[in-house]
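Think of it as A, B, C and D in the order they're written, each chain with its own count starting at 1.
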Amino acid sequence: MTRLVVTRALHAAAVCAVVATSVFVLLQFAPGDPFATSLDGADIPPGVRAEWRARYGFDRPPTERFVRWAGALARGELGYSASRHQTVAAVVSDAVPRTLLLVGVALVIGFAAGVGIAVLQARHHRRWPDRVLGALTLGGVAVPEFLLALLAMTWLGVRWRLFPVAGIGSLGDTAAWPLWEQVADLVWHLALPAIVLAIAVASRVARHQRAALLGVLDEDFIRTARAKGLGEWDVLWRHALPNAIGPVIALLGLALPSLVGGAVLIERIFGWPGMGLTLFDALLARDYPLVLAAVLLATVLAVLARTLTDVIAELVAPRRTREP
Amino acid sequence: MSALLEVRDLVVDYAPHATAARDPHRRAVDGVSLDVMRGETLALVGESGSGKTSLGRAVLRLIEPASGSVRFDGTDVRALRGVGLTRFRRRAQVVFQDPKASLDPRMRVGDIVREGIDIHALAPRAAADRRVVRLLEEVGLSAADAVRVPHEFSGGERQRIAIARALAVEPEFLVLDEAVSALDVLVRRQVLDLLAALQASRGLTYLFIAHDLALVERIATRVAVMQQGRIVECAPSATLFGAPSSDAARALLAAIPRFPW
Amino acid sequence: MTRIFLGRLALVLCLAAACGGRDRGPTGGIVVVSAGADAETLFPPLVVTNQGRAVTELIYDKLADIGPGLNTIGDAGFVPKLASTWEWSRDSLTITFHMNPNARWHDGRPVTARDVQYAFKVWTDSAVGAVQRSALASVDSIATPDALTARVHFRERAPEQFFAFVYTLIPLPAHRLAAIADTALHDAAEVRAPVGNGPFRFVSWMPRVRLELAANAAYYAGRPRLDGVVYVVAAQGATVAARLLAGEADFLEQLAPPDFAQLPADHSVRAQAYGGFDYLFVQFNLRDPAATERAHPIFGDVALRRALTLGVNRTAIVRSIFDTLARPAIGPFSRTQWTADTTLRGIPFDSALAARALDSLGWHDTNGDGVRERGGRPLAFSLLVPASSRARQAAAVLLQAQLKTIGVRVTIEQADFNAFLDRAHRAAFDALVGGVRTSPSPRGVRDVWSTPGPAAGTQNFGRWSNTTFDAHVDSALAATSAGAVRAHVRTAYQAAIDDAPAIWLYEPRLFAGVHRRLTVGALRPDAWWANVASWSIDPAQRLPRDRRASPTP
Amino acid sequence: MATNTWRRLMHDRPARIAAAVLGTAALVAFFAPWLARYDPTLQPDPVTLRLLAPSWQHWFGTDPFSRDVLSRVLHGARVSLGVAAGAMLLAVTLGAALGALAAVFGGWVDAAVGALVDVLIAMPRLLVVIALVATFGALSPWWLIALIGGSGWLATARIVRAEFRDHLQRDYVLAARALGASRWRIVWQHLLPAVAPQIAVAAALALAAVIPLEAALSFVGLGIQPPLPSWGNILLDGTDYLTTAWWLVVFPLGAVTLTVGSALVLADRLRAAIAGEEHRR
């Protein structure tokens, strides 16, 4: 077991190293300059830019910068974000919890809803609930997320004013509020981005889960369960689902990075400055230390998520050995 | 009679990725030495999991042994590369247990039988077609069957196709890996008869793998009994069936149903 | 001149004080400003963006501020802020500022001349890297004869020396910052939670989310009417507008054309015009991007540049994108500048004339592909557009279709803003849709359009060079009377229009989105935030968030 | 087996409908210049004819530049489906090739491909594509194909590797090896046809993923460059007018949803057909 953990950790470290190096190399080819936009203006003399480049070491050759960066990383320093006038660690420690919250909530809601929809569909296989839900989940996958987000913002936010259109909390000293009000405020602000993201998750989960359920429902042990006189719901929840949910969880683990990545537009639209938006802004600002740190973090999160979902999938449904 | 196949101290491990799941120290074949004489049928009998299939595959170099030597007609099979290996493939063939699994379901029977001829460029186009028809007829099928696909045939017919495929490259040596085990009794007898006829007409040498002594009683010249990766007894057919010396052989003998008529 | 001015100043002061005292109007309420970007820093020397200024200039006051007339020559019209009076030396090389004795930092300490001196040190220390320190290049030193007197010594006289100094230098709290090393200032905790002296004091900042300011009850010019100002940030344009339309925000700096379509349905928001200092243009690269010592193979020819300009219907472009929210640009300036001249002779739209001009220049469509060519070279160029600007993209698309009708092929190339600027600086483009936000001063024109050199033309991406223009711009910037400035500027502008280094596209008129409950008075075109201290919210239309968000005064 | 899979699929009604929709889309894309009534870049009068609601002249209305939306959606099919199909082909070819290499050669090749997959799967695709496009500036459709295709092969590679490894253990492959068939021949003659349905599933899913990705790229201003219409940039024009000009969004969105939905349905039915076939065996 320890060996497995150590191998996994080494593997993850290697993946991160490769990702960091390739991103660093790639950034060397990027046109633009960390101070091109932040120091653009008719009244800014060109000398200032050179000065700032030198201050942050951008006048050094790339190899030297890489060694310095890697060395600092080894000491646990992520560097300084010139576009935010802040240490990268400070920027990232703001953004990571926000992304985890948004994606986490969307995942939980989406996963639960997706599984529920799939069970409902399997229960009414080839009847109208199956068809209607099937069409909806198909739409949930086919409609681009950013459009869903804009529609939600325009109608749920602006037209009907059910939820705030953007932001991560109410104004004022919310920290002094009673806890339940703080939570309610957070939920209220989280609603739109989480719903949009959850729709995307739920649609995908439901589609996979439905297929997996229908596959399992064909198998002998289900027939046995039915023969024993178990109700159809019991068969679905107790017998079919535990056997069909594992692969869906594992699949979700694989899809998680793209989910986080897909959240960039949602974070942007709903003014939810998590990792996706931070990375996006950092890219546009050519804030290399921040880009590197964000990519690295995303990689670590992805690897962690994969390991975690693998474990969960294994726990939920011990793989039945297939007889040859 | 000289030995066509000489196996010495052969060791085969389970595939590396499988070791985690199984006992890492367990070997599929654990130091087996064996000779197969030209023209004979050596039956290799043992319970499932005793390592006979691994031995059969290692002999054909379908899997790589861990150590030991395999000599075929005097040449070291394990050292073969390139042209030498190709030449060896022509001379030694295999028929598997499950003809459903061993025939590519997407190919027509004619193409299946023909594949070996194409690989070794044994005949030009038209001649190859004629040869395929001849082979199909030799195993008891018809020329019209060439355009059909495997799943249109019964189990016995499919096994005949597999035999025709093996014969297409005109081998001297055939590993029959449980070749008749999956067939029902009547068909089994027909296929065994076919194999015997082919052996007579083509002078073939068989390594006949089975888990059941009853299967080999009629066909085997000699019988080798395997248990947990080792050969525990190797004796001429008559000797073994008359007076088995190992417990394993006795156990296998006892499992043969004797009908009281 | 000095004495006359002082007299006028005293009068203004009295009026301001009287007004402030008599009509306090309603106080209370929080204004939520929906912003498309966050302040990059709250440290004035490092602030570049408008949003950064919008925040810091509410926290920090200047010595004096430009007046409603936006004059930049001498000190006419300037409004006293931290300095209640000032006087010039006879040779104009020294200006003595008398600090307002009532001015206090938000921690209660008085604002002194030492803070001015300290700020000057910070601004000019290259370890800090203040971006606009070239504006202070003419200042030699600052002396502090007493706590409330700052004597500024200039190296040379210049018509805009007063403007350049007070507009750039923002006094900093020496008692809080002097202990911090200059190199550490940019990231100091003190700088992220600044103590200022302006009408609003800093409360909290969640970068890229929101920034909260509260009224400074002890403000020397009287407490602002509002209880506070909150900036809420969203990167997506649609979101910024949605916040206003959903009633979550009270103020939006600039409405985009599509936002206007939604206003009629929503009576809670109105649009308020306030000029604007932007003008946009298609800038030609006069040099060959492949080899800058050569002239550009197409745009090197002034007759061709004029012919292209003739082929562009700028009125249609403006009407299509902006309807009446913008006007066709005239030349390298904005109509809001006091030096603007609307009587200049422009190049009209006449596509028949454009086609004839191209014919006469030897550009003909010989192979029938709809594109003219000359000597085997097609009349085609790429147009670089920043991906961040929807309006500029729209202008490019319209321009492309218009030029196509006279046999010119335009390929649009979008680039993210960083790459756009990078290519502009490297002159790696044929033509680009550029935009300039000028200041009230005509000074900016020299950076963008004068012949590139160490002192001028740093933003002259197209490397246009015209001696008449250069000479008259330099003369205008040296002239001390408004009339002389206007005369020189007029000649320079006319040269720029005639030589067509760019197609002058449009000047957007700024429209702020303002919630019905908010009264903002007149918005200053160069700085909408200049008068936030006098904004007020109708007490009858208070919202729960006004109470909720109210920080303790 | 595979031949049967295809046959099963052809007898499946949803699959036939989905295939018909995709086929129609492909035909529309191909014949767009003949089907469209107007030049998709023609701006008859961007002042007075902009944002016209659907009418007899303009079935899908006009956009902010007075261009005919129907013509743009038709031509947009060309660009969007062209990019999508190109990227899908590239992704599937690359994925199949790398997956096959990993499975057939095993050892360090397998490890290398596996590591590559692990690295790429850890980086969010949309961000990677946005990053690259942002980094290298707006790209031509060809580069877009290379980029989207080059980043989308992971799923195919995983599937092909797993299926190949499975089939490599099967007796018919052993029989072919015993006959002396080369690796190349085994892959080409036996494995690829065997795995073709799974590859087709991966292809359909790749197609379904690429079209929204192109739209997302357009949304951040880094997609297909104007005036070339793509469903993504038509949608982008529409996002400014969600409440005031619904036709700008509804029609391109309909096109996107129909195409993506059909690709997904096709993938579903194909998977069901494969499962049914496996089940029957």
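Please note the rule applied: a contact is a pair of C-beta atoms (placed from the backbone, for glycine too) under 8 Å apart; a residue touches a chain by one contact, two chains touch by 3 or more.
Being a predicted model, the structure only gives us computed values, none of them experimental.
Ranked by distance of CA centroids from subunit B, the top chain is C. Central chain assignment: A. Criterion: smallest distance from chain C-alpha mean to the mean of all protein C-alpha atoms.
Interface comparison, B-D versus A-D: the pair with the greater number of contacting C-beta pairs is A-D.
For the pair subunit A and subunit B, the distance between C-alpha centroids works out to 54 Å. Mean C-alpha positions place subunit B and subunit C at a centre distance of 88 Å. Measuring from the averaged C-alpha position of subunit B to that of subunit D gives a distance of 47 Å. Rounded to whole angstrom units, the spacing between the C-alpha centres of subunit A and subunit D is 23. In subunit C, the positions touching at least two other chains are 238, 416, 419.
In subunit D, the positions touching at least two other chains are 134, 137, 220, 239, 243. Contact between chains, per the stated criterion, is found for A-C, A-D, B-D, C-D. For subunit D in complex with subunit C, the residues that touch the partner chain are 41-43, 46-47, 50, 64-66, 134, 137-138, 220-222, 225-227, 239-241, 243-244.
Against subunit B, in their complex, subunit D makes its touches with residues 1-3, 170-172, 174-182, 185, 189-190, 193-194, 281. The part of subunit A that touches subunit C in the complex is made up of residues 30-33, 36-46, 48, 51-52, 55, 80, 83-87, 91, 94, 150, 153-154, 157-158, 161, 164-168, 170-173, 268-271, 273, 277-278, 281, 284-286. Those residues of subunit C that touch subunit D in the shared complex are 238, 256, 258, 261-262, 265, 316-317, 319-321, 387-388, 390, 393-394, 396-398, 400-401, 411-416, 419.
Taken in their complex, subunit B has these residues touching subunit D: 57, 60, 62, 85-86, 89-90, 92-94, 96-98, 100-107, 115-116, 119-120, 149, 162, 165-166, 169.
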